[in-house]
Amino acid sequence: MSPSTSSEAVEDQKLRPFFCELDVLSRPDGSAIVSQGDTTAIAGVYGPIEAKPNKTYIEKAAIEAIYRPKSGLPCVPDRMSESTLQHTFEAAILTTAHPRTLITISIQEMQDSGGLLACAINAGCLAIMNSGLPMRFLVAAVNCMIHENGDIILDPDEKQLKESCAVMTFAFDNVNKNIVSSSTDGSFSETQYQEAILKCRSACDEIFQLYRDIVKKYAPSMG
Amino acid sequence: MPSDNRRIQGPEVSSPYCLFQSGNKNVDVHSGRSEVLSSRKDSRKFMEHRKIYLKTGVVSQAKGSAYVEFDNTKVICSVFDPREIPNRIEYSQHGELFCVFKFAPFSCLTRRAHQQDAQEKELSLCLKRALEPAVCRHEFPNFQVDIYVMVLENDGGSLAAAITCAGLALADAHVPMYDLVTAASLGVTGDKLLMDPVEEEESLCQNPNKENQNHGLITVALMGAHTQVTQMWQTGSMTAACVSDALTHLVQICEETYPIAQRCLVKSVVDTISKKAQ
Amino acid sequence: MAAQYKSIHPVKYYRDFLAQDVRPDGRTPDKTRTVTVNANSISTSDGSATVRIGNTTVICGIKAELGKPKADEPESGFVVPNVELPPLCSPCFRPGPPSEEAQVMTCFVAKATSGMVDLKQLGISLDNLAWVLHIDMICLDYDGCVQDACVIALSTALRTVKLPKVDYDEDTKTPTVHLNQRTSVDVKSSPVSTSFAVFDEEIILSDPTAEEESLSSARLTVVTDGKSIFSVHKPGGSTLTEVQLQDCISIAKERANLVNEMIRVAVGSVKR
């Protein structure tokens, strides 16, 4: 594991420590394990591979995301994260480069101490980078919550989440820093929502910097 | 029972609250019977059918669709373009009808499961048999037409409503047919015949009575122009004379509903033409 | 001629229309379709509603049953919402277990409406008996924004629910139901969902039809009651700026007020 501590922390609020290791699995074409605080997810990318006839698109590659919970079979709420992951990666990957094929991104939850969806998106993005698939842009996801007293807390952990009245996850692209995904839980006002976006956007720079550090570190060994 | 992880699950056991109601209201079947013998609750005559409402073209995404109401019994049906019969190796001379009959979970007095149960499968088969003779199946060999029926509210006669509805939907989908199919049901208890029984009367007719008289339900589907019966479905036990008597009444009612269905189709054709002319 | 052009190159067909700032069905990009709400249409259910948004039709029926509460929440009842996309509503679906889309929609609707009922008011006897509200939303016509219709239908149906009074005898462990003493369920919030589709990565279409949804590069759903927001769900797809998001939120807020007024009238017109 490579500890990469953040140098440019956003004001008083910091993201939890971010650890990442690439190429952790031998079978997939690209893989990454990411932990943010205690939340950990591992991602593997297979592809481009042959697509099933009913999932073949003539002009682009089909993207399939598989999300596996820590224990048991995936149930209804997991399908929703799966669909968010699938559509997020579909936007990030340059699917037109591999028409009539299938790219599978498989994500396994290791531990959830808050912000699992954000962690899964980051792990998936790093795994895709590791696999060498052409991408339109990189995505970084940040989780935040609104405290009962109205404060916005970035990347909260399990303990802080107990006092939340809303939880939001945003994913941004690295080109224009626009919003790729937004997923929310609980109720909040429009201004709170805007504020949360601003905070998360500035935090996502930090994650992109971490991406850069990780790639820099692994680049010589991947030759 | 294996848990269904594709749906949100409630507690493992839950029961309808009607089972625990205070005061005994519906315990004695026989008192209900004597009530029915004198007059019907909705003040209909014994041989009178409920009011019928028909409408075609209700589902925009389907090739053809229809909606039928027999008062509180509400049924919707949609029919789709023929598609090749899946997983079939040998060539089939005749096209096939693929019927799925489903009760909505909230359509009956007690909650229905999401999966198709044995009764629904049986009714699907009945529906298919009732429609097959009316469709020119040689016109689309090796293809199947999908017919999906959903009962939104069941107050008796849902099979009859479904057959009428599916017949209209097939016509609305421009599937080549010899004739329209209309259907009606009749309940028998003792020497009384009840045309188009409501749910309460249906359950009454299905219970054998003390003297083991005639009892049961008959549903008949008829091609009106040819006066040919395409399907007759009978449950319970009754004498042959009673069956033939019931059949006469049912054929007569089916013939009465036939022009209503025809008018409904003519109206939909007129509407389409006038829309195009605009 | 137009029909052939549309089937050969649907994207270009739409582009030609949108260049004139109008959609093939005659709406401007930010215009939503007409909503009709009908409350209590099914008498066999304990509460029901039929909602139409343009062609899209969803029927919602609520069946109340009695069950044993969960051990960790002994005073709470259950709300079990499920969205069904039967093969009846569109040629895209086949019979069998719920498709992935139906599951995602179920989860979305469950999340968006989770704050509506306080589960504690559904408890009857501590650790023994509680109400289970089975809420089934069935799509009868799939023409885009089905999740919006589901949320509106659920919200309307919930307001028509009348639960009978139940006494629970602790000694004999049997409940007694008084069918003629009924109370309605206290509904705390009134979320309304509005969906958008992004066409060609820049034009935002409000309340898209099924066709527009399938041609879109991204989708967005905003759930609000006119004041607070309950969900802003954008599962990936092409990117949006904050200004675009803000526009969508204000359209959604305006529509929420309108639809909530409609629900109020529909529920008010129910006789019983």
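For the reader, a short list of remarks on this structure follows.
As written, the chain order gives the labels A, B and C, with residue 1 at the start of each chain.
Convention: a contact is a pair of C-beta atoms (placed from the backbone, for glycine too) under 8 Å apart; a residue touches a chain by one contact, two chains touch by 3 or more.
Per UniProt, the chains are A = Exosome complex component RRP46; B = Exosome complex component MTR3; C = Ribosomal RNA-processing protein 43.
All of these numbers come straight from a predicted model, not from anything done at the bench.
Interchain contacts join each chain to each other chain, per the touch definition above.
When every chain is reduced to the mean of its C-alpha atoms, the one closest to the centre of the whole protein set is C.
Here the two chains linked by the largest count of contacting C-beta pairs are B-C.
One simple way to say how far apart two chains are is to compare their mean CA positions; for chain A and chain B this gives 51 Å. For this pair, chain B with chain C, the centres built from the Cα atoms lie 29 Å apart.
Of all residues in chain C, those that touch two or more other chains are 103, 106-107, 110.
Annotation for chain B: residues 6-8 touch two or more other chains. Looking at chain A, one finds that residues 76 touch two or more other chains. Listed in rising order, the residues of chain C touching chain A in the complex are 100, 103-104, 106-108, 110-111, 115, 189, 218, 220, 227-242, 245-246, 249, 253. Every residue of chain A that touches chain C in the complex is listed here, in rising order: 76-77, 79-80, 82-91, 168, 171, 173, 176, 178-190, 193-194, 197.
In the complex of the two chains, the chain B residues touching chain C come out as 4, 6-11, 13-18, 20-22, 58-62, 72, 74, 76-78, 80-81, 100, 102, 104-109, 111, 114, 116, 146, 148-150, 152-155. Contacts from chain A toward chain B in the complex involve residues 73-76.
Listing the residues of chain B that touch chain A in their complex gives 5-8.
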